[in-house]
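Chain nomenclature is as follows: A, B, C and D, assigned in order of appearance, with residue numbering initiated at 1 for each chain independently.
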Amino acid sequence: MEKKGIKVVTIGGGSSYTPELVEGFIKRYDSLPLRELWLVDIEEGKEKLEIVGNLAKRMVEKAGLPIEIHLTLDRREALKGADFVTTQLRVGLLKARALDESIPLKYGVIGQETNGPGGLFKGLRTIPVILDITKDMAELCPDAWLINFTNPAGMVTEAVLRYGHIKKVIGLCNVPIGMEMGVAKAFGVDHSRVRIDFAGLNHMVFGLNVYVDGENVTKKCIDMLANGEGGNDPKNIKSIAWEKEFIKALGILPCPYHRYYFKKSEMLEEEMEALKKEGTRAEVVQRVEAELFELYKDPNLAVKPPQLEKRGGAYYSDAAVRLIDSIYNDRRDIQPVNTRNNGAIKGIPDDSAVEVSCVITKDGPKPLNIGELPVAVNGLVQSIKSFERVAVEAAVTGDYNTALLAMTINPLVQSDTVGKKILDEMLEAHKEYLPQFFKKEQ
Amino acid sequence: MEKKGIKVVTIGGGSSYTPELVEGFIKRYDSLPLRELWLVDIEEGKEKLEIVGNLAKRMVEKAGLPIEIHLTLDRREALKGADFVTTQLRVGLLKARALDESIPLKYGVIGQETNGPGGLFKGLRTIPVILDITKDMAELCPDAWLINFTNPAGMVTEAVLRYGHIKKVIGLCNVPIGMEMGVAKAFGVDHSRVRIDFAGLNHMVFGLNVYVDGENVTKKCIDMLANGEGGNDPKNIKSIAWEKEFIKALGILPCPYHRYYFKKSEMLEEEMEALKKEGTRAEVVQRVEAELFELYKDPNLAVKPPQLEKRGGAYYSDAAVRLIDSIYNDRRDIQPVNTRNNGAIKGIPDDSAVEVSCVITKDGPKPLNIGELPVAVNGLVQSIKSFERVAVEAAVTGDYNTALLAMTINPLVQSDTVGKKILDEMLEAHKEYLPQFFKKEQ
Amino acid sequence: MEKKGIKVVTIGGGSSYTPELVEGFIKRYDSLPLRELWLVDIEEGKEKLEIVGNLAKRMVEKAGLPIEIHLTLDRREALKGADFVTTQLRVGLLKARALDESIPLKYGVIGQETNGPGGLFKGLRTIPVILDITKDMAELCPDAWLINFTNPAGMVTEAVLRYGHIKKVIGLCNVPIGMEMGVAKAFGVDHSRVRIDFAGLNHMVFGLNVYVDGENVTKKCIDMLANGEGGNDPKNIKSIAWEKEFIKALGILPCPYHRYYFKKSEMLEEEMEALKKEGTRAEVVQRVEAELFELYKDPNLAVKPPQLEKRGGAYYSDAAVRLIDSIYNDRRDIQPVNTRNNGAIKGIPDDSAVEVSCVITKDGPKPLNIGELPVAVNGLVQSIKSFERVAVEAAVTGDYNTALLAMTINPLVQSDTVGKKILDEMLEAHKEYLPQFFKKEQ
Amino acid sequence: MEKKGIKVVTIGGGSSYTPELVEGFIKRYDSLPLRELWLVDIEEGKEKLEIVGNLAKRMVEKAGLPIEIHLTLDRREALKGADFVTTQLRVGLLKARALDESIPLKYGVIGQETNGPGGLFKGLRTIPVILDITKDMAELCPDAWLINFTNPAGMVTEAVLRYGHIKKVIGLCNVPIGMEMGVAKAFGVDHSRVRIDFAGLNHMVFGLNVYVDGENVTKKCIDMLANGEGGNDPKNIKSIAWEKEFIKALGILPCPYHRYYFKKSEMLEEEMEALKKEGTRAEVVQRVEAELFELYKDPNLAVKPPQLEKRGGAYYSDAAVRLIDSIYNDRRDIQPVNTRNNGAIKGIPDDSAVEVSCVITKDGPKPLNIGELPVAVNGLVQSIKSFERVAVEAAVTGDYNTALLAMTINPLVQSDTVGKKILDEMLEAHKEYLPQFFKKEQ
């Protein structure tokens, strides 16, 4: 990496999350000398890119730092010589997400935009685009790290690990940080005093051990959870309490998304009702986003507005900058990321992506060894991994049968007939973003 | 084993299946010299034991063979010096099965008497009894083989492997034979020309490769299945056709029970309707059984009546005799049984029971190596294994929380709250057969 | 395979073993209708090919069977439409073997023509030739099975599995059969009543369990071995007795070649002395061969002469025909062969060759599951596997450093400096057969 | 752990290493408040204990710290309420080591006091004593950590992991630190800038990757080694240069002890010569120790004398204090220690000890995931692990045959007959320290 400072490229730069990213870079400037931040977007996102890019420029200026902010629609131009590339793009925008969530519900199935049928379609749309980015990277910035926070982050990371044109990829998620913050809050301590041994998959991650000041407080933490304390669920998941006896027998810390599998009927009911009352989560987010962009336009605003934290993805961007800082400085601190398993979790293929606590080094993340997952959760984790692997195959090949297989084996679906109906309607709805499935018909 | 012939003990000897067992022994008498068959039952089953035992005696007499048939309620007396012990008992009788099936349906959940909530309770009732039998065996016939065909056969086998007092246990199921017969019928060939490489768990077994006369016809077989041909579903599972594209992408032969996971909504609907029309499967079976016992009483009957084949468990008993014959004669032929995994299927614990094609020797079954299961089905198989392992823990410890954990992680349930309701109602309903859960309260 | 009979191609057809092969085909003609046997050799072997080929023709004629014997130097012509290809070639002939054995001895190291420095060089010479054959096969007889009995059979099989142009390859060795015959002799029973569970690598195979008539007699067998009974060592390995306490603690049946690792100093001494007295084993074999070919020339000879059994490789060719017969007839009997591990032995890579008991089917060998090797032998087996894998890399790449690495990690060498001396002298000595190491220098 | 400071017990406290340990505690007093240091020894070591104990007291006094130094022969008294227990004992003293090294040499075999026949006997003597200590600990200080630096540290750690009465055990070695220092010296940088990914077993550890300032310099480091630069061999191992081509093909950093396996003949020759010239290494050490104790007696000496660094075990004690400090303070820094594998290195049993880079936490060491070892070294590592496991069995059972098995499979021995001679002579020589082998004869 350049001694004179690093070059970061953010694809999907017009996202509402970008101010948090910029704030993160400003905060860490002393250790992480950012020289250039390139915000890249596509034609349809041009207006948002301008708004958020101008805010970024004002933030940097206010901080008095010599960071160049570049706004561009030319991805290849931006990638040249980059040190880090972050991806926060959304193929098909929030409109597509609304379909991901609402179509399955029509058939009595939770959409779930990462590990459910919705996530399958988000993956089918996103993976080809990300693989394309890795192709450009291999040519234009072969030594750069790709930090992906586009969902489904696990599936996308796995796709890059197995089919990408580069090797240096890390998938990032804010769920583990949220779990740490929940524990911190419950124990009434600062976030920095909490450590969790994370293991699992993206949005399917467990806290195997929880520590406060190095003391193992897992049992206490589970007891709190059993008593309805200590949760810190993100905005997008309804915080329904666990059955006390279940959580005690589980004995490890679930993530909020586990409700889709351990409280499936309750979550389905909740989503059905929410759909009636306030539309899909995507529609809620669209409204929040519209408000945010109104704020961002204000020429007097030169900081990240506090309203951004209401958005589901809080801490995402800050986590990204923290990760970049640890790589750049070879910090060897421990952070949970999505990376190649290589035997860290027993029973998951070596070449699959897992979400585990890793030592973050200049040479990339080095997973801590996990060994066997607790038997009670191994099956579910393996189910989602089966789903992810078949889904990646479908995304790469554009094969209809493979897509139906992925859909059917998903634990939220479990019916080939219902799955086929959902698949057919969704394929049609997302047609323009799924060329791999349609070009062959011509 | 005795040179002068072997001693076989059948626990649950009053079962309606017994005539098939006796027929099997008669057919194979030349290679398998049965000296004594002890039919053991409990007080409540005394009448049935008499009926079926007398039929057995008439069958042997008609065959002109010097086989002694003993009827007894004294299990320990029977076990002394046995060479083989078969278990076909049913704790709580068909009444209990009716509850296993109907209570979950009240909460919109399939009961499924092996791998579902019903199977959990069948396991909770049965495992302590079987472990008790192994205790007697260790004392009274330590070299005997236990051939278990009591369901849930996988869970029971696993319990004996991990907690039993003997090592020589084999779990047996008629599902694989049924799959072979289905293929034979579809290809219009004799059963003996069909071979299938089986791998998975009990009632969760797949045919990885299908051969006719040694030729690998898997693809052709899948195509037939995709066209709705080639099924041979047992009486107890509605034969709903697979989606063509799904089965082609799956690429391996599912077993009939896979419909509970790959056609869950259709199966649930079907069970709901059947319940209304004809009661639970248990109730249907009760009627069939009543009719069978009426037939058995006929003093002129001295053969297995053809009506027995209508019962779901056809071929079970014959499979048992075939297995005993192969062990006794060290035949080294290949049969699918439930045995210790020991690495045969990658990713499943060494000490767990799996259902795989095995070479059957005097030294017991030796699994063929399977390696990794196809990725698309690995997750589901692992889910059921997780369920089985936690269920066995619950059966052995009588721990409420562990039972709730098993219930919740079952792919048919997936809700701690719904699971708790089912659990509570079922615990109460089966109270008298679950001392391990209740004695502690006293 | 052709209904009208099969076509077999034997590369290295001029070998002295061929009459046994022909005898094997004649004996099994009823079940294995051999239509054509093509004996292929190279220019230098033309004379021997004529001699042995004419004997083969006389044998077939005497048996009155319509088997065509073809003699040719045109390998590609022979391969067209073959059903089975057997390889018994020897690159560099026995002259090369003499160097393989004698050069290492100069440096105080056992040569050992399979798993030692000699085997390394035999592999370096042979692997490129075999890979070339697989290339022809992929083009000319893509459905044929390659049955390799050229040593080092394990290394060659691994090379084909990982770098070959075909998938259907089986490595064959006569060591396991010899072990079975030794047991049969010791127990005074017919060979057919003995079964051994084999596991390990070629010339590094163990009998994990020994059965006579299905009874597990392993302990008794070990006790016999401890008392100096029961061995059946091949002609080429001096039968030095095991220390009683060692073999009892080992608890499993070693193969004769294990003496190179468990009696290294004694074997080295023995080889040193033998070298002085009678030259290398290769030289002994050369004399035996010369005598055999004299016999073969006799126009009145029309059977396999009994003298052939004195040759080290007895039963090799018969084992090959037995294997071909089991494949052709889908016999599903159990034979020990070298095949892809695929998890059968825990801890050995999936894509490596192992020598294990397999069910032999029309679809190829299916290994029985082994699980973990006994801890005491796992290390040695892994050492040889490490050596084999690095040796294959060296053979394929022609990289000097990799060859030195293979040499140094070999348990018989264990010195980079001594290894380098041996390597350099052997590379020079075998120069003409190692183009991959020398072409680059030009 | 006590807020008012920690209690450390050092068994074998009369060792010449103790001043380094004391120095380490003094240096780190600010972060690691040592309240009491108990130096424990046996009757025979009383005089040395006094000498070294008094030096320790003077050191503490000079430093002006309120650390209590206790000298005692009563181990149980010392252990009460300890926070950390370190073991640096030597059963049979240096006299025994001299035998460990010289007896095998008589038979042309390297003694090697950790992974060779010498190490086997050191293990047989030491393991029962250490297991006894763990029994006392379980009773008297169940929450304490056992930090073992008695050799053979890998074998001892494995014995405690599998047969000990406590779970909190860590094995420590100075070899990895020495490797880091060698790299630091070669690159001309401070030790703190060097990081190595360690994996393997004790005295059989490799540096898989080498970093300076986070940059991966492994290739450069190997090139330096190939050119004879960069070594930093301990005093006790002759620094014979690697063959350039070998080390390049190896591609990872060996430890000095690897010379016993990759330069066996040279090391044997060297040991033979050294024995003639200066006696065994043990005798050399005895002389160094005598000199050290003379120095320690000086009442004016109140610091660790520089001469101590000449002793082979330099940095051992400092490493121990660094480790204790990281545990106490939950530092989560990375240190190489011997701990339970649990899948960190693929192919080594979960319950075996491995030497790997670990994150050091208050909850103990958490290994980084390694995955598969490079194929070229996997065999050797597995061989030593086989040896260690069988050796531990022999130590625990006192079974002669098992001891002979361990001896024979050791890569330095490889002959049951030679092994038996060495075994018999060593058993006799160490008789008084091997009650488990002799009591049964009475």
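One rule holds for everything that comes next: a contact is a pair of C-beta atoms (placed from the backbone, for glycine too) under 8 Å apart; a residue touches a chain by one contact, two chains touch by 3 or more.
Values in this document were obtained by computation on a predicted structure and should not be read as measured data.
Graph distance from subunit A to subunit C, where chains that touch are one step apart, equals 2.
Under the contact definition, subunit A and subunit D share no contacting chain. With centres set at the average Cα position, the gap from subunit A to subunit B is 44 Å. Chain geometry summary: the mean Cα position of subunit B and that of subunit D are 54 Å apart. Across the complex, subunit D is touched by residues 195, 197, 209, 211, 213-216, 329-330, 332-334, 342-344, 346, 350, 359, 361-363, 366-372 of subunit A. Across the interface of their complex, subunit C is touched by residues 108, 242-243, 245-250, 261-266, 347, 349, 375-380, 382-387, 389-390, 399-402, 404-405, 408-409, 411, 414-420 of subunit D.
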